[in-house]
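By written order: A, B, C, D, E and F. Residues from 1 in each chain.
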Amino acid sequence: MRPSGRDLSELRPVSIETGVTKHAEGSCMIRMGDTHVLCTATIEDRVPPFIKGSGLGWVTAEYGMLPRATNTRMRREAAAGKQGGRTVEIQRLIGRSLRAGVDRVALGERQITVDCDVIQADGGTRCASITGGWVALRLAVNKLMKVGDVLSDPLIDPVAAVSCGIYAGQPVLDLDYPEDSEAGVDGNFILTGSGRLIEVQMSAEGSTFSRDQMNHLMDLAEKGVNELVAAQKAACA
Amino acid sequence: MRPSGRDLSELRPVSIETGVTKHAEGSCMIRMGDTHVLCTATIEDRVPPFIKGSGLGWVTAEYGMLPRATNTRMRREAAAGKQGGRTVEIQRLIGRSLRAGVDRVALGERQITVDCDVIQADGGTRCASITGGWVALRLAVNKLMKVGDVLSDPLIDPVAAVSCGIYAGQPVLDLDYPEDSEAGVDGNFILTGSGRLIEVQMSAEGSTFSRDQMNHLMDLAEKGVNELVAAQKAACA
Amino acid sequence: MRPSGRDLSELRPVSIETGVTKHAEGSCMIRMGDTHVLCTATIEDRVPPFIKGSGLGWVTAEYGMLPRATNTRMRREAAAGKQGGRTVEIQRLIGRSLRAGVDRVALGERQITVDCDVIQADGGTRCASITGGWVALRLAVNKLMKVGDVLSDPLIDPVAAVSCGIYAGQPVLDLDYPEDSEAGVDGNFILTGSGRLIEVQMSAEGSTFSRDQMNHLMDLAEKGVNELVAAQKAACA
Amino acid sequence: MRPSGRDLSELRPVSIETGVTKHAEGSCMIRMGDTHVLCTATIEDRVPPFIKGSGLGWVTAEYGMLPRATNTRMRREAAAGKQGGRTVEIQRLIGRSLRAGVDRVALGERQITVDCDVIQADGGTRCASITGGWVALRLAVNKLMKVGDVLSDPLIDPVAAVSCGIYAGQPVLDLDYPEDSEAGVDGNFILTGSGRLIEVQMSAEGSTFSRDQMNHLMDLAEKGVNELVAAQKAACA
Amino acid sequence: MRPSGRDLSELRPVSIETGVTKHAEGSCMIRMGDTHVLCTATIEDRVPPFIKGSGLGWVTAEYGMLPRATNTRMRREAAAGKQGGRTVEIQRLIGRSLRAGVDRVALGERQITVDCDVIQADGGTRCASITGGWVALRLAVNKLMKVGDVLSDPLIDPVAAVSCGIYAGQPVLDLDYPEDSEAGVDGNFILTGSGRLIEVQMSAEGSTFSRDQMNHLMDLAEKGVNELVAAQKAACA
Amino acid sequence: MRPSGRDLSELRPVSIETGVTKHAEGSCMIRMGDTHVLCTATIEDRVPPFIKGSGLGWVTAEYGMLPRATNTRMRREAAAGKQGGRTVEIQRLIGRSLRAGVDRVALGERQITVDCDVIQADGGTRCASITGGWVALRLAVNKLMKVGDVLSDPLIDPVAAVSCGIYAGQPVLDLDYPEDSEAGVDGNFILTGSGRLIEVQMSAEGSTFSRDQMNHLMDLAEKGVNELVAAQKAACA
């Protein structure tokens, strides 16, 4: 029934390749089917003004999409002179989600910026950015711990994300672009490795949904995130 | 236990005053406690390019906050030269939510813009904007129907919104600013008058939450929206 | 002869309601007929760089208009990405005018920002902003004096403004929008309570005027400002 | 008493050199003492959208200042990414003033843009721009009439401008920069060759003025404009 | 003598991998040592206004760099709100260079946009963009020819580019970042497969050079471009 | 054969008038035929952050064009809200070229900004800006040396620039606008008084060129720069 032939509760093939760029302190290319996102983590010794001197660390994120990551070419945001509303909304979500899994005291007064750049898009880029972004963050933090700049692990629980939605009347896991563009309800679920919720967003596009459907989507999300956290662990091993 | 002395499941006092500006086709001032939002609806005969000639209507929203709506003065967005990420995110949410209750065929090829301007802020401005924005939309549509420009009612179900969150470890309904700034979990729930879900957003600020807590917040939201829909009906009567 | 039926030298009904927002140090809603402007005054302990360390205070103003304050919806300046030339010109005028009535030594090294936001427009918004802005400033300064932060009153003379113009060949006081859009000559007069001039602007729109007409407009302005100063005093009492 | 040794009612030396650039339809360099402004007039066959098809013409102006026209270098507005409030205010004034002397029916549906670029500044640049701008406009219109594109002269009356102010307690004509930066009251007076008023702006900088002083400044302005109009005529002969 | 141990006239290892993204009409990842650029070509049926209706085609380019393509993270241009001067200069160069090898009549009235996004930077990104950009262009044009939209080949001669410079007093071919940051003279040479020159830029950084040195650099460039054109041909075979 | 009747290797008439503005530390108006550029040099005691405390000086440049410097009026960059790519590219070139002739140790920790504003354009404005800009720089440095702020001359060699190109199949020196707009190849050559090269840029517009042609253009450039350096010396004497 799904365009890809997947089962209702089946993720796309996931691969997380680490160490893909020589400059970043942590990096990976995450591929969820045809959605490919390059995630890099940059460590800097400065923090935003509002926490200067607090001893606390900060994790933030930026998101971008190459102009021809999509089926038709999109205008380059740098040429347009500003980041669109969708970009800003997504990068705020990524940063907020990653911070939920960070002990900012243990991190110490430094900032890690996670850049998520979509190389190829086929739906679910914000979720892939969070899942891959956490891996880049993990690798950067490993480096800090190895040299002794950070003593106890500030990453208290892995963070991963998956989309679910109602496609052709059925709750499905991990929507690809053909599903996403048709889905009546579309949600993003961000959870930790131990099953705690960080962020839940469900949204009807020109329709509505019931509380039962909401619970069904939550069940799918829990299954999907479990599998993604396993992939994160394998990649970082 | 709540700073305001309210019960855990108690809304702030709600008032919706209609007809507050002489120019707009529909308008109201919604007050949820100390949060006051002026909502106006403007009817225009043009639609965005992507639906031109489709016969479908469009509902969109813009959101703003007066510089001294808040406790300390905020920089005016027009002076800063752009709308902040938060503003863009909120106005996209308002537009999306209102459209979920609209039969765009019945509306016909015209656009209604709902402006929500926060005159005084004390938490929950985006939810008040949706609840009040729907009233302004209702009044504008009434005008279209009265003169016969629209024949069957395009507003299929009222739309209202409320925030819930976990404050001091307890799920509470309709957070005011003192609660909002302390809450570990914060959610916005947008429902229709008949209890269908349009949008659910729950977000942990530097913490996480369980699925049980999520369900508890949903219960509170359903109760709150029921009361708000009653207030909308009374205001439009 | 006037669309509103007013005498040539008659102001619109004036009301000044104070204390309309709980956050600002001073606030009022001024209504001159159907022109409604919300004025708030914000006290801050910092001053602009060019007077830092001088011991002098500063008063500045910002001006805005809600998108549907007017008969047809105007584009939101924050969405357009900049303040229009008219906005900048008006807010410079408001700030300059208010400063003319301020003893900046007595105020001490602090800044008061007066925000004037037009809720509903029917002509004369810049003059209403100055008259109402002075009331917000007065109330904020009262607060500083009450707590002893300011010892001698820095407001040496009230400041009020009114428009006059030549409508249908006749000099008239306090133009409303139907008059303003037809007037061949249009002027703004800013005076103090003791009758001193702060700013005089007279401008012909596609026509010219004589020095006699100029003097006639000045006479009307003096009468109008006297009445406005009385309304300011009553509001602040 | 004046830094320049001029009499109270004495203009600076005025020179208006025409035909200074080969591309523009009309051009002049106006020099009022050390204030030098290059004025060019450009004729285009298009008009702004709001008068398209009306048969009426349009005259507009733009104003700029070279970065080192002033004593200390100012930031280039193109580099800053926007025109400052002062620039916008001045160019609106120039356009409005020039239009007051134009019969827009006689001009026909075309636009003339007058660019005023300050090469060297020593006070009074906006007035010099208007006086010189009118000469550029006159020369461009002459060209239209010569080739028969315009049949009856659309320039009904010359337009010129001068500043007056109260310097060291005395009303003086045509302030230069040392006077302008000290003057308590500062005014710009825009008149026609036949003595009609187009625009009067008087403004106190941190002080106030009386109606008597206002009349005295008006007298000086009438004298100054008479002399400037004579210089315009000589230049265009 | 060179940090990389290469001979003075030795290119870095070159690889050109084609078909790297599923959406673009033509794409490749070019790697010149540690400089990696993703090049995509997008075909659109519209052309810029200035050639509309001329029957001629257009080739243009845009250039970007991921924030962590470099050793320290650079600010994202979309977040800064504009493309820097360097970016604009480079993308104009890429577009101009590629157009020099295109028969715009044969291409027909369509536009091909070549996006060059630097994934990892180690010097010479603009030259790699041109060499790789030509491959993406070649592949896109192949598609047009295959389906018969274009009948005779519009790519008259391959285009490739290489940098040369004077490092440690010696002319060297294909500078990497350690060399580039130290080089006293730095040049970019854009040639066709048949050895014709398209663009030559040589620039001294805080020094000067002789005409003999210039000729030496030209010799190196001719050798380097020959090898790059061979790599392009192999990649497109 | 040339539209102007000049010989293939003949410059346009060159004049360099110094001291043309009273405020700048150094200034000249350079005229190369109908191309007129006003160059001013401003000395400031601050340097850019990246050399603060280094003891080194800095020379930078900005470039602008009056809207009606050209045959048809161009949009004012300040009104457009940004400097175009061409402007940025040119001003970077001017700054880089002038710095190549400066001993930054001898200059000491100060900045000289050279503004080049095109009053009238007829081709070759960037080259005229460099040649005239150097004169303004020379005069400003003379002032520093006269008062003893700088002890040994930081200007080690004059800097001048000229364009050459292939017009109607023939290499020609110093292209004017009619030639420039037709030329198949166009180059800018920046040399020192002693014949060293600073920057060479040759670019084919929709065509290509041979190495022999390149050498021919270099020969012409050397001849032209020799004559320009003589004119600079005469102007500064």
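Criterion: a residue touches a chain if its C-beta (ideal position, glycine included) is under 8 Å from a C-beta of that chain, and two chains touch if they have at least 3 such contacts.
Treat the numbers as computed from the prediction; the structure is a model and nothing was measured.
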item: Third chains touching both subunit F and subunit D; value: none
item: Lowest number of touching-chain links that must be crossed from subunit A to subunit D; value: 3
item: Farthest-lying chain, centroid of Cα atoms versus that of subunit C; value: E
item: Rotation, 0 to 180 degrees and nearest 5, that superposes subunit A on copy subunit C via CA atoms; value: 120
item: Inter-chain centre distance, subunit D versus subunit E - centres from mean C-alpha coordinates, in Å; value: 51
item: Approximate Å spacing (C-alpha centroids) for the pair subunit C, subunit E; value: 59
item: Multi-chain contact sites of subunit F, meaning residues that touch two or more partners; value: 81-82
item: Cyclic ordering of chains (reference subunit E, direction subunit F); value: E, F, D, C, B, A
item: Residues of subunit F that touch subunit E when the two form their complex; value: 82, 85, 88-89, 92, 96, 99-100, 104, 157, 192, 196-211, 214, 218
item: Complex interface listing, subunit D residues touching subunit F; value: 21-24, 27, 34, 38, 40, 42, 44, 62, 64, 66-71, 73, 76-83, 87, 113, 115, 117, 119-120
